[in-house]
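Dropping the structures in below, format is structure tokens.
Next, two complexes with chain A in common: one pairs it with chain B, the other with chain C.
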Partner chain A sequence: MSEARLFKPRFNPAKPAFGILVFLLYLFLLAPLLIVFVVSFASNQYLSFPPEGLTFKWYEMLPQESTFMNGMRVSLIVAVTVTIIVLALGVPVALALDRFEFKAKAVVQSFFLSPLLIPSIVLALGMVLLFGPLKLTNTYAGIIIGHVAITIPFVIRTTLMSLATTDTSCEAAARILGAGSWTVFRRITLPIIQPGVIAGGVIAFIVSFDEAVISLFVAESGLPTLPVQVLRYVENSADAAVAALSVILILISLAVVVVVERAMGLRKALR
Partner chain B sequence: MTATHTQTPATRRAGAAEGDLERATGRRNRRTYLALLIPGLLGLLVSFVFPLAYMIRMSFNRGAPDGIIEETFTLDTYIQPLSDPYYWRVTLDTFQMGVTVGLLCILVSYPVALFLARSTSKYRGLLMAIAIAPLLTSAVVRTYGWMVILGTNGLVNSSLEGMGLIDTPLKLTNNMTGVTIGLVEIFMPYAILAMISGFGRLSPQLEEAAGSLGASKLQVFTRVTLPLSLPGILTAFLLVFVLSISTFITPRLLGGGSVQVLATEIYDQTTGLLNWPFAAALSVILLVLFGLIIAVYQRLTKKIGG
Partner chain C sequence: MTESKLSIVDLTKRYAAGLDPAVDRLNMEVEEGHLVALLGPSGCGKTTTLRMVAGLMDPTAGSIVVDGKEITHTPVNKRGMGMVFQSYALFPHMNVEQNVAFGLQMRQTSKADQKRRVAGALDMVQLGHLAKRQVRELSGGQQQRIALARALVVEPTLLLLDEPLSNLDAKLRETMRTEIRSIQQRTRATTLFVTHDQDEALDMADRIAVMNGGLIEQFGSPTEVYERPQTRFVANFIGQANFLNARVLSETGAAAKGETHYRVSIDELGEFGAVGAPGLTGSTHELVIRPHRLRVSLRPAGTETIAGVIERVSYTGDAISVAVKAGNRVLQAQVPTSSGDLPRPGDAAYLSWNEQDAYLLPAAVKDAAGLLPAAERDSVA
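Our next item is the complex of A and B:
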């Protein structure tokens, strides 16, 4: 701030003060993510500050950490399968909700979005209780079924959002010109809803990939996912070894953020 | 809170070859939408309705801490937590944590939301994305980040010791302070999103009008900006409140076993003590708390909405 500007008659001191406040609040919001980056490159053997030097040893160690690698494999298998399943289940539901008139539509729609209103700890308990006798605990099937409920609302919401911004005249025209339902869907509807489907799919992927509570309840002992492994590790020690892994998880989330932002806008998708 | 947008395809469809479309799809309509809905309904039945229903049924059984469950229909599991001062304490602590986190979260999110709602900068989109993006990062990772910042050898304590301001490290983790700080940050993106959506009637023109009619900066804020952003603030508070009272990861990690809230208690009863009916009853209590708050919220918004 230069002297000259300070004495300008219309200078309003509240403005830069507000700017600084917003900047500090952004810093607070990003603090845990930024600190993980710093720690992951610090050569300190045990967690301490300030960093003593730059190193890549934590990253080089990762491939040898079998618990993390196993967790990563489990989480990837689960997240990819969950994404495919909820897209297959959720996109048709969104089509039905938008393109057809039927009774109790509002009820059906709230039903499909309601899993997000139920605390995940409650859902997780219900799942472990039900899946235990069915021999589904500590299995891929158990974790995947568990993740369907909490990811399907995202897919339905983003697909509905894409459907809502288009009118149905193209589809009607194609139909009148003799196209069958499947052709209409593949050639007209699918391109229209593509942004919503992509956004919903990657959100479903990351929600499942990062989910910890349901995975912890359903498969802690037998088939721990990556978030569960990290949780266990961090519970015992908050040292730097897990920082490198955290950075990789943050980068995966960042990729998802970029895809969603490009496809339909982050704010719209997560409203 | 999330299911607010309504679809009006009928109105959009009006005029756009409506009659032809209806005739073309007419009789197949019913079969088609059912075929589209049923797989999804089945999926949600298996992964959502059955587990919840089974859990509610379980809460009426009788359990012993060693994992033996007596199939019966009793209210014992509800009487036990309601008559034991310890569980009143836990419920009260949970509630208190929700209120504290909700209030603090609003305090730190409001300026950011206000900034984003008003900004005309070309970086607005990017700044908006940065504010919301942490939503899609792992809660475990973000909590770990806070452990690094707040821990005994963490950033805060090392800095303060380095500057000679303290001799012994401050206790910022393994207690409610750490959990509160972590949760406030973790729920900030939710609060910002909810506020911006709730700022509907807030516009720079109104503020300018008030200013040109002679209102001071403070008056513009207290008489125009704040009242118009109140619905957004209220929504954000309730959202953060319900999220905090049910959250598990952060109280578990940053609380380090010394912070007991309903969620950690449910976990301990389930995996540690294997008292499933009791854990189920605690979950039902949490759900009822949840439902009550959402009902109150809907009453309130109706009143405000006029």
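Our next item is the complex of A and C:
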């Protein structure tokens, strides 16, 4: 580091150029969000830009829009259940993949990570064909199974990353001190890998809450989730209520991330 | 004879069929209150042995008996042992106090009892004032002490130490050596200590098991393994040694501790006195002499001397190491720096030793017929 300093030029033109580049990239990524935000307060009759005046009527509309409220309820039930199931399945799978040597390990690993690589439209189509005869279409079970399949890779990935950096002798130490397998898991392993588990859970929640393709295929008519309702709404009407709803969704996602970050951050600070 | 605290009988570990065993029919008796060092190079099976005693690894064959009870297949969490790991393995999400209390909680002792014993254990390692600290805030030496307190607070049947000092810097390592030993003696905890550091083993242990290739080469007190190595490996691994092939000519009397004085003949160099186990007369044995037990004189002195020429002199502060070429052998000698005549390369030197410092290894040298030239058989380690 100190050596590099010796040759540091007084002014490096690359630096502001890099700054501008980063700014433009962020602008590019965030522009759609900003527009949605602005439009949600615009008094234009139809979804359009630029705004003609300021109004809160779209936000006031939301609670009365039963399709949105129902969709929100379905999506929350699904996302919460999916998160619980996917953690209960994903964490043990990650543990097994990390700790045990077995013959088909590579196969099992790619099996659990494969939903990441397959286009979700393909998965969704397969699920409709499979769920039809099983009477799982238009049921919570159907949506939840579909969402578990696409979110489990995230939980396995983040948990595996936490496991890779843990010292297994902590578990050995706990066992020698008299702890049985379950106690070791609950009191030693789980707290140590907690950051990865929580990160995986948050991602699973957001992905499930946000998922449209599988929900659309599996349960459009009977049990529409919020993204499905949004899609339908945009098809039929063109007012800015959807923009207001989008802002609310962004805030929910943001709140989840902030709450978790705060909780974990606080925990770390106390350590 | 007192009943052993720990008996290891024919303990064997084979990681995979077809591989050489990592531990090969190992036998050992450990007395109550002793600290036994398992000493050897990496891959000698010392850690594998320790992990089998701890229960972290299943033996392929053999048995482990503690206090007269066989525990070979007792689950690890039912053995009541304490272990200190090389990486300390403190629980990162608990503070110092919680770490130390963990074993007591598993034993479901009362809260009051826990509090009292944790405080006692922390005082023992002189870290009572850090009870509420998080472990990541502690230095390596402090973490080491907490790990020791955590292992000892449960009053373990055996204390197992797996290279506990390897991650510390040299100065701290010596302090911790003394401290671990004094705590071990105060608590009278029977201890197995894995190390690759001969100084640690010599300094701390009541008994040393020198291991090589899954076998114990020698099991004895520090002075026994240093002064009376039973194999070339032991002589080589612990300290430095000169090896000379010596034909044993005759007994010249009984020495202390059941040993015998011998006259031996070393090719080209003459006849000398040495000691060894009884009954060596007539065969050729390797004679072990430690470099600092060789006297170096620049003038002929006495009759039983090896005359040679100084080849190399190296100054190491406390001592001067001198390489002396005699015939086609090179012998290493070490003399204190305070000696009057400072040797120089090219000077004539005369080496001599006390008879009891020249020890004949019990195993006869196979090429006793002298088929190999002396220079190839003799070497310096």
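Rule of thumb we're sticking to: the second predicted complex is superposed on the first by the 227 of 271 C-alpha atoms of A that agree within 3 Å, B and C clash if a C-alpha of one lies under 4 Å from a C-alpha of the other, contacts with A are read in each partner's own complex, and residues count from 1 in each chain.
In this section, a contact is a pair of C-beta atoms (placed from the backbone, for glycine too) under 8 Å apart; a residue touches a chain by one contact, two chains touch by 3 or more.
Predicted model, so just to flag it, every value in this text is computed and none were measured.
Of the two partner chains, neither chain B nor chain C is touched by A:141.
Shared-chain residue A:62: touches no atom of chain B or chain C.
In the superposed pair of complexes, A:169 makes contact with chain B and with chain C alike.
After overlaying the two complexes on the shared chain, residue contacts for A:49 are found with chain B alone; chain C is out of touch. By the touch criterion defined above, A:242 reaches chain B but does not reach chain C. Contacts of A:77 after superposition: neither chain B nor chain C is touched. For chain A, the partner that touches more of its residues is B, with chain B and chain C as the two candidates. Counting contacts as defined above, chain A residues 167, 169, 172-173, 175-176, 271 meet chain B in one complex and chain C in the other.
Within the complex, the chain B residues that touch chain A are 1-3, 5-7, 9-10, 12-13, 16-17, 20-21, 24-25, 28-30, 32-33, 35-37, 39-41, 43-44, 46-48, 50-55, 58, 108-109, 111-112, 115, 125, 127-149, 151, 153-155, 158-159, 162, 182, 185, 188-189, 193, 196-197, 217, 242, 245-249, 252-253, 263, 266-267, 270-271, 276, 279-280, 283, 286-287, 290, 294.
Of all residues in chain A, those touching chain C in their complex are 167, 169-170, 172-180, 183, 187-188, 191-192, 194, 271.
By the touch criterion given at the top, residues 12, 14, 18, 21-22, 25-26, 28-36, 39, 46-50, 85-86, 88-90, 92-93, 95-102, 105-106, 108-123, 125-131, 145-149, 152-153, 156-157, 160-161, 163-164, 167-169, 171-173, 175-176, 181, 203, 206-207, 210, 212-213, 216-217, 220, 227, 230-231, 234-235, 238, 242-243, 246, 249-250, 253-254, 256-257, 260-261, 265-267, 270-271 of chain A touch chain B in their complex.
Interface of chain C with chain A (complex): residues 54-56, 76-83, 85-87, 89-93, 102-103, 106-107, 134, 136, 147, 150, 154, 160.
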